[in-house]
Amino acid sequence: TIQQLFKEIFKASLELQEDDHRKALLVSRKKKPEDTIIDINGEKIGDGNPHFIMGPCAVESYEQVAAVAEAVKKQGLKILRGGAFKPRTSPYDFQGLGLEGLKILKRVADEYDLAVISEIVNPADVYKAVDYVDIIQIGARNMQNFELLKAAGSVDKPVLLKRGMSATISEFINAAEYIISRSNANIMLCERGIRTYEKATRNTLDISAVPILKQETHLPVMVDVTHSTGRRDLLLPAAKAALAIGADGVMAEVHPDPAVALSDSAQQMDIDMFNDFMKELTK
Amino acid sequence: TIQQLFKEIFKASLELQEDDHRKALLVSRKKKPEDTIIDINGEKIGDGNPHFIMGPCAVESYEQVAAVAEAVKKQGLKILRGGAFKPRTSPYDFQGLGLEGLKILKRVADEYDLAVISEIVNPADVYKAVDYVDIIQIGARNMQNFELLKAAGSVDKPVLLKRGMSATISEFINAAEYIISRSNANIMLCERGIRTYEKATRNTLDISAVPILKQETHLPVMVDVTHSTGRRDLLLPAAKAALAIGADGVMAEVHPDPAVALSDSAQQMDIDMFNDFMKELTK
Amino acid sequence: TIQQLFKEIFKASLELQEDDHRKALLVSRKKKPEDTIIDINGEKIGDGNPHFIMGPCAVESYEQVAAVAEAVKKQGLKILRGGAFKPRTSPYDFQGLGLEGLKILKRVADEYDLAVISEIVNPADVYKAVDYVDIIQIGARNMQNFELLKAAGSVDKPVLLKRGMSATISEFINAAEYIISRSNANIMLCERGIRTYEKATRNTLDISAVPILKQETHLPVMVDVTHSTGRRDLLLPAAKAALAIGADGVMAEVHPDPAVALSDSAQQMDIDMFNDFMKELTK
Amino acid sequence: TIQQLFKEIFKASLELQEDDHRKALLVSRKKKPEDTIIDINGEKIGDGNPHFIMGPCAVESYEQVAAVAEAVKKQGLKILRGGAFKPRTSPYDFQGLGLEGLKILKRVADEYDLAVISEIVNPADVYKAVDYVDIIQIGARNMQNFELLKAAGSVDKPVLLKRGMSATISEFINAAEYIISRSNANIMLCERGIRTYEKATRNTLDISAVPILKQETHLPVMVDVTHSTGRRDLLLPAAKAALAIGADGVMAEVHPDPAVALSDSAQQMDIDMFNDFMKELTK
């Protein structure tokens, strides 16, 4: 029948269209079938092995960061995370040490021969940040802060882009395209949980996003187990699931004394827990 | 019983705590019981009467904006909206005319004696924008772009803050607090729909947010019927509901020829529809 | 170009398909353009005037129901609601009086010349219920309890069908189709809020669903302001919005002494508040 | 300070309350610390090893079921799934073969020495079903069909309870409590994805629910990878993640010829794919 015919044409053109659009994107696997591998201080993220980015939620002091750096180094890891500019829901919460925090990170990084990653929140700060950090992190709240994406796309420094709190996978991929379209192709995607009705976890870890992002793009995909679950007791199981489903690595927060942390005290690991965490994941 | 007693203490302290926190916020009605009224070009937003902010999604040309301005003026309205910096999901979509767009808006505003509102997306642009616009709009994607909020809080210009796509009411109020804490108290809140599983509308208009925001804060509350519904056929019914539930005004998009609009073509009203819309709402 | 042509064919066939499907449904306005009006005890629901269905959450005793019935009668209303079978999250919560509850409702209904509506939860009870109630209510949790829908479709008694907690509008319409396809065409739809991430209200009232349901189907559409908001202070504003956007009526809960109610104590109105509520809505 | 004191009392009583409630539930691990192990045809679900429940979405014919049974048997599995009563969104979609379907399942089960699981949707059918099936499945749409839960709780037959489409973990646990409170303690919980804004997958697999359910209850926890993802290409990665995070087993759909399946044709595996799936998961 003619209607049947129409339906087939309809399906064919639909697929054609979607295909076209995805092919057009620079981040898409159609454009570049091989995996992008990002070499940071010897860690080749995207090479098929699991990688770990660990460190405190916020930089609070040299001593605090150094204590974590030492533990990270002992585990043979190469990358340290730490927040200097902290986006906080309330203006009266601790906002991070800012540039001072970046300087502490840089000092610790040099002393322990670690690479550092830190979140940048103002487009104007991107150009300064390249002197202090090895990876620029763009946080969930800023995934569609397009001015920030454009700034990050115009510097020669790897970028870790977190998925927005309620971003679709398609919007996430387009956000990465903002960066690559400005010529910076060293992008890591990071699933960090999405906002749903379920409140047993801080967010809902959308674990299926990992294989979808790996299929659709050629970029490495990390999973932030701290912000997706918001629960210390779920960090290890979530990390196991992330690696099993094909993530290129795991991010989590470690603090020498979580009980007195200036932010996220309920979800950071202490050093002992971190050592157990690594042992379980690498055995 | 002792357990019963505990429960009552528990409840009492819970209320005490929440009360405390809300009292502390400068935007809260506990801090300032009287309604904030913002006078823009003679429109006293927050005075108990309905106000309307209408205009094209994006500034495309002088002629396009002038055509809408004329219609807006004829309806006796005082404020014109128009986007110069357009946050778009894809980097390959029309990104707005930028500063050029603000200049067009300013020229039309002067010619038709209208106030103008336009979205600013980069903290650095806030200081320039004050020369061109009468209200700075902060869009949904930037509700937690705290650098932008701080910049908007440090200029002497009314701000219209849109609720983020998946922001809770509490986060929305805290975002406004970022602005007022920097000393700018002329803030309008704007409900524009939240992201849910339902796809019959572009977003889900959270109409109950209006009376809650009016109760919790002393700020005027607008409803953007265009972005909350994303459907031309729902603009009028949604506007009726918004005014019935106590909103201080309604925002909607008007374009001389929506079919050829560079953005949001499916949801803008043409001039005739706009005239009918106003007639229905003001009869 | 050929691609352009394909796109147009694509669009045309897409619309054709959707159109076809909607036309096929017995509840759709395409199938029957005129509004369905349901006459219950003289209330013509769907006739363009607002109607009200009020009463306690749960039937607790003859005295309690009679007290509300008297108030409802005084306001000139004709329909009383009251739950006999209560679906509760925990098996240890009050489950309703069951058949005993229906008998109380029936007795009060006869004494005050009111029609009654009550929720039925077991397909096997539908056939018994017709002797006691004037409207069978199917609750949100049972919107896709297809066996219950089929049973309700096979009796000659109006049905009020509530939208499921996370049902799409399309699924809601299809649930109504289950009833009408068994030959019972006296169906009222009831929007009662959907589950979202926002917790300031018990559910998120999806007010836009009202005009969409009115467009897509020929059935009357009610709004349950009690369950959508879960807050006593929002009942009146939500009811105003519902009527402004075109709902055929409003449902809400009234209890002689909400503080001691066996369920939903935080959201039921007492008699004084109910009288004010009606006064405000009918002035 | 007195306020500080209040806060501590508040916290203490909050924990006390929650603790109390959880302890009270018969399904909770506080009530029974040891894992519940359910022995079905020699498969000891909950014993720490992975178990698999595979079979077609719907029973369509003896031949179809037998073809899958043979493949399931060859893989050394012991349990076959197959739907006889199919809850479908539209009344005009294939509704399953009903009792006839159960008889086919029973015949195949006997011939291949497999246990069978099938969904029951009407409380009245539970008592008949026990003659045909080894496990009663309660589907997502019926998770809060409390009459069905009560019926399932009153027979001596293991029950697999699926999480509702938008059920919280707490509601899920309470639904299981309905069953156990009627004395049937042989319950398996099954995570099958929740409804969110993300449409790249049919539902969003809430993988974190698995360790939470294992912590909170003593019941085995399965993951249905077919309905959570709705995508054939994600079945294997999702199954790996499920087992890595501690699920007691995986459910998935297998059909001899998915392209002609009467339901779920886009997401069932064919026999070859099923064999690869098992090989990958058991290597």
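For clarity, chains are labelled A, B, C and D in written order, and residue numbers in each chain start from 1.
Following the convention adopted for this analysis, a residue touches a chain if its C-beta (ideal position, glycine included) is under 8 Å from a C-beta of that chain, and two chains touch if they have at least 3 such contacts.
Just so it is clear, the model here is predicted, and its values are computed rather than measured.
Q: Can you check which chain pair, A-D or C-D, has more C-beta pairs in contact?
A: Counting C-beta pairs in contact for A-D and C-D gives the edge to A-D.
Q: As a test of understanding: of all chains, whose mean C-alpha position lies farthest from that of chain C?
A: Using the mean of the C-alpha atoms as each chain's centre, the farthest one from chain C is A.
Q: What is the distance in Å between the mean C-alpha positions of chain B and chain D?
A: The computed centroid separation for chain B versus chain D comes out at 45 Å.
Q: What whole-Å value do you get for the distance between chain C and chain D if each is reduced to the mean of its CA atoms?
A: Using C-alpha averages as centres, the distance is 31 Å.
Q: Two-or-more-chain contact residues of chain D, please, as numbers and ranges.
A: 166, 170, 195-197, 199
Q: State the interface residues of chain B toward chain D in the complex, per the touch definition above.
A: Residues 3, 6-7, 9-10, 12-14, 16-17, 166, 195-197, 199 of chain B touch chain D in their complex.
Q: Can you check the complex and tell me which residues of chain B touch chain C?
A: So the residues of chain B touching chain C come out as 166, 168-170, 194, 196-201, 204-212, 215, 228-229, 233-234, 237-238, 240-246.
Q: Give the list of chain B residues in touch with chain A in this complex.
A: That would be residues 24, 87-92, 121-124, 141-142, 144-147, 165-166, 170-171, 174, 177-178, 181, 195 of chain B.
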